[in-house]
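Each remark here refers to the structure printed beneath this line.
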Amino acid sequence: MANKAPLVATLLLSCPDQKGLVARISQFIFQQGGNILNLDEHVESEEKMFFTRVEWSMAEVRISISEFEKEFSELANAISAEWEIRYSNDKNRLAIFVSKYEHCIQEILWLYSIGELNAQIKLIISNHNDLEYLARQYNIPFHLFPVTAQNKFEQETKELKLLSENRIDTIILARYMQVLSNNFVKEYPFRIINIHHSFLPAFMGSNPYRQAYEKGVKIIGATSHYVTEVLDEGPIIEQDVTRITHRDSPKDLISKGRELERSVLVRAIKYHINSRVLPYGKKTIIFE
Amino acid sequence: MANKAPLVATLLLSCPDQKGLVARISQFIFQQGGNILNLDEHVESEEKMFFTRVEWSMAEVRISISEFEKEFSELANAISAEWEIRYSNDKNRLAIFVSKYEHCIQEILWLYSIGELNAQIKLIISNHNDLEYLARQYNIPFHLFPVTAQNKFEQETKELKLLSENRIDTIILARYMQVLSNNFVKEYPFRIINIHHSFLPAFMGSNPYRQAYEKGVKIIGATSHYVTEVLDEGPIIEQDVTRITHRDSPKDLISKGRELERSVLVRAIKYHINSRVLPYGKKTIIFE
Amino acid sequence: MANKAPLVATLLLSCPDQKGLVARISQFIFQQGGNILNLDEHVESEEKMFFTRVEWSMAEVRISISEFEKEFSELANAISAEWEIRYSNDKNRLAIFVSKYEHCIQEILWLYSIGELNAQIKLIISNHNDLEYLARQYNIPFHLFPVTAQNKFEQETKELKLLSENRIDTIILARYMQVLSNNFVKEYPFRIINIHHSFLPAFMGSNPYRQAYEKGVKIIGATSHYVTEVLDEGPIIEQDVTRITHRDSPKDLISKGRELERSVLVRAIKYHINSRVLPYGKKTIIFE
Amino acid sequence: MANKAPLVATLLLSCPDQKGLVARISQFIFQQGGNILNLDEHVESEEKMFFTRVEWSMAEVRISISEFEKEFSELANAISAEWEIRYSNDKNRLAIFVSKYEHCIQEILWLYSIGELNAQIKLIISNHNDLEYLARQYNIPFHLFPVTAQNKFEQETKELKLLSENRIDTIILARYMQVLSNNFVKEYPFRIINIHHSFLPAFMGSNPYRQAYEKGVKIIGATSHYVTEVLDEGPIIEQDVTRITHRDSPKDLISKGRELERSVLVRAIKYHINSRVLPYGKKTIIFE
C-alpha cells in the first residue's frame, strides 16, 4: 500500500458478555475521530462470551496510536477484555517453513507476488534444499536447517533466533514434514498455522490419504489449524473437501489433495493476516 | 414463542454512507435500554451506501414501541435512511401459492410444523385442487382460484382481497405455475418470493430443465428471487447448484432439481422472515 | 412398472483379474440373446481384482432365468467369481426401522409414493409409536417392538421372524436409535443400511453433532454405511457434507444435519436397490 | 512414460444403437490379443445413439497398429460408427495460446512439469510478451504474434503454419484475449479448448464478472468448452462454481474466479488429452 493510503485499524476483542458493549466500543472509536468501516460481533450464548472485530479509518483520529491504545485499554479493562489492535501500515511478518512439496508454498508466493496477500514474507526455512529455487525465483531469503533426531534442539534454537531477529509474527507450515517441539510451539501461541491433509479429526497422524483410501471414504478433506502442543489437535481455522470414488488410487488422492491443501491453507492465512480469526478455547471464531 | 420470551427487535436500514453511523445507531439503542444481540453492516463502496441489520432485546427498553419508533425516525431522518423494524411477537404472515408440484410446499409445511420457520402460515392459494390434501393434513386454510385467460383479473382481485383481509406480509410462490399480473405484483413490492428452477440468468422462461438438457450444461441450479414486473428478473435472494452428467435424462434433471428447489426456496424464506434481506436496486444484501 | 415393461437383468460380479473378462461376459450375454444396456467395470490394481456391473434386456433371451443362471454359473466358476443377478420384476423388499426422528423416513416414504424408489417397502418397525401416523398416511404396515436391555434378544427374535416371513431383502435404519445385536446383523450381511450423522470416521458413537460443535469443525457431514458387527465401522456407501460457522449452535447443526442425513441415506438406498453397490473388504465400489 | 511401459490403446466410438455392440467390440479386441482395462458406454435413449470408450493393453496384440485399425474399420463400417483410436506412445501435442493473465498457463505448466498432464506441450503463442518469462522458466518455445484488426488474417495464417509444422493436435486458449476467426476455428474442429469466466450460458461475451456483479448472483462459475464458430456457444466440457456474497467487489470476483478458471480448464484439458470427451451435436459426453 502506498504511504498515502489512509491508516486503518482492526480490533479483535473478547470479553464476558454484558449490555451495551457494541455501543461503548463504537462510541469510543467515534469520539476519537475514527470512522468504522466494518463491525462484526458474535455472542457465544452457552458461555456468555462476547467477541468482536471492528475495522475503522484512523485518518481523522487526532491522538497518537499509543495514546489511542492507552485510552482504549481503560475501556477494555472495565469490561475485562482481551484485545489486540493491528494497523494497516504494520503488516504481518511471515516465515514459511517447507520441506519438499512445492504446491503450497508455490501458491503462497504467487499470490504474494500479485498482491493478493496482505503481509510481508520475510523468509523461508527448510530442512531440505529442494525448494530453494522457488525462494530465489520470488527473491525471498532461504535458510536451510537440516534436522535430525540429534540436532533438533540445536536447529530449533537457531531457527527461533532467526525468527526473532526478523520480528516474525506468524509461521506458516506449508507441508513442513517435521514436528516442532513443544518448546518451539510455546513461543508462537496461535501464530503457527499448519495444513493437515485430511478432514480432521478424521485421519490424524501420518499418511492420511493412505488411511482415507483404506477406509474407503467417499470424500477427502484438508484442514488448516493453529499448532498447539498436541499434534493435529489445534483450533481449526479452515477446512474443505472434495469427492472421490473407487476409481481414485492413493496417487489420485494425493493429486486431488494438492488442490485442496493449497487452497485451504491460503484461505486460513488470509483470515489470519487480515485479523479475522479469534481463537477461543479449542475453537476459532472466523469473522468473514 | 411463549409470551414470556423477551421481545426482540430487528432493524433493517440503508442510507448514504457517512462517518459515525454505527456509533449513532448503537448508541441510540443503548440509551433507550436496548441490548444489542447482533449487528451486521455493509458499505457498498462504489455507490457509497451504508446498510445495517441490528437485533436487540427490548426487555429493558422503558418507552413504548411507538415512542421508540418515533424517536428513532428522527435519527433516521437526520441520516436520510430508509428503515423498518420488526418485532419478535409480530411474525411474518405468509400466504403460499401452489399449483400441482408438492415438493416445495411439503417442505415448507413440514419445517413449519416442527418449528423451524419463524412465521405464521395463514393460508394456501392454488389454481388447482391437487394439493388440498396437504393443506388439510397440516391444518392450513386452502383457497381454490382456478385461473383462465378470461377470469385472471377477476380472480386476482379476489385473491388480493383475501390476502388483505388476512393481513398477509409475504407471498411465497412454491412452484405456482401462473404469471402474476403487474397490477398484483405492485401491491407486494419485495414481498413476493418465487423459486425458478434454473441458475438465473441462465434459462429464463419455461422448461428450464429441458433447456439445460439441450444445452448440455454440467451443472444445474435453482434461484429464489423477489418477483418484479419483469419475469424472472427480480433481485436474487438465494441460489444453489448440483452436478449432472450425460447420463442424466430430462426426467433425472427434474428429480435432482426438486431437492435444489425446495432447499433454495426454504433458505430464501428464512432469510426474508428473519429480516436478513435488504433489497437494493436490482440486487439483495443478505445478512447471514 | 407395468407388466409389459421389458425384463431387465443386472449382474454384480467380482473375481480375480485376468485377460478377456469383459469380452467373455458380454459375449455370453449376447449369445443368449441379451442386449447390454449398461456395462461398467473396475480393476483394483493393488489387489488385481475385477469388478463389473452389467445391465441387459432379457426381452429376447430364449431360455428361462434358471437356465440362464445355470449356464452363467459355469462361466462364473471358471473365473472364480462371486456374483448375483437381480431382475426388474423382482424389486428389493425393504423394511424401515425408525425411532422418533421423522425426517429420514418421511423422505423415503414421499419419494416412494412418487415412484422415485425402485423397491417395495413392505413394513416399518419401530421401538416407539411416534411415527405410526406416517406409516398410516402412506399405508405401510407398522410394527411396534419396544426394546429394553431385558427384552432385546426376545424382541429381535420376533423382528427376525417378521422380516423372514415378509422375505425382506434389505433393512434401512432411518435414524433407528438402537444398536442391533451381532446375532441380528449376521443374518443380513451387506443388507442393513444405516445413516450416521457425522462424516465417518470422525465422530463415531453418540451425539456426533455435539462432538462436532465442541471440536469446532467448519464442515459437518453424514455417512450411510452397511452395518457390520463393529459399530459405525461398516463399508461406507455414501457421504456428504455442509459448511457451518461459529454462529451455528448445536441446535443449528441438528437442523442443517437433517437435510444431509435424509439426502445421503436416500442416495445410499438408491445405489443399493439399483444394484450399484459392490462391497469389497472394508470398502464399497459404487457403479454410478 | 518409459519405452518399456506397455502400449495402451483408447477407442472413442459413436454409432446408431443396436443389439450386441459391447459384445462385438470387446470380442474383437479380445480376439486380437488385447486386454481390456476399462470400458464405459452410454446410450442416448432419445436419439438411440451408442457411445463407448474402451481402453486396452496392446502388449499381446500380434498384428501391427495399421493392420489392427484396418480390421477394426471393417467392424466400424458395419455398424456405421465414427471412431478414433489413440495410443499411449503418441501423446496429444498441445499449443497454448495466452495473452496477459498468467493463472491458467502457470497451472498448466506446473502440472505438466510434475507429470500430471499426459501430453506434450510443444509451444506457446501469445499476442503479448508479458508471459514469455513463464515459457522460459519451463523451457517451452514462445512465439509472439501481436494481433491488430489490420494484421489478424496475416497473423493467423502464420500461426496456422506454425501449428501445422509442429503437428499440433489441440489448442488451449488459456485466457487468450482474441477471438479466433471462423477460418482458423474450422481447421481444428473439437480441438480448440477455451475457458470462459462465467457459468455459461449465463454472462456470455465480455466482462462476465462485471455482469455477474451487476446482476447480483450468489454464485459465480467458469466454463470450459470447445470453440466453434459461434462465440461462447461451443459444446461444454466442464464447469464449476463458487459462492459469493454482497461483500465481494468486482475485484474479489476476479480473484475468486482465478481459482475456478484454472481448475476448470485443467480438468477439461485432462478429459480431452485422455480421450474422455466425445462431442455429440451441441453437447459432450464425458467418460470419467
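By written order: A, B, C and D. Residues from 1 in each chain.
In this text, a contact is a pair of C-beta atoms (placed from the backbone, for glycine too) under 8 Å apart; a residue touches a chain by one contact, two chains touch by 3 or more.
Computed from a prediction, not measured in an experiment: that's the story for all the values here.
By the residue-number overlap criterion, the interface of subunit C with subunit D counts as same, with over half of its numbers used by both chains. Chain pairs A-B and A-C differ in how many C-beta pairs they share in contact, with the greater number at A-C.
A separation of 42 Å divides the Cα centre of subunit A from that of subunit C. The geometric centre of subunit A is 37 Å away from that of subunit B, both derived from CA atoms.
For subunit A, residues that reach two or more other chains under the stated contact definition are 247, 288. On subunit A, the positions that touch subunit D within their shared complex are 106, 110, 116, 137, 247, 255, 259, 263, 288. The part of subunit D that touches subunit C in the complex is made up of residues 19-24, 26-27, 29-31, 35-41, 43, 60. Subunit A contributes residues 42, 44-46, 199-203, 214-219, 221, 235-236, 238-241, 245-247, 249, 282-286, 288 to its touches with subunit C in the complex.
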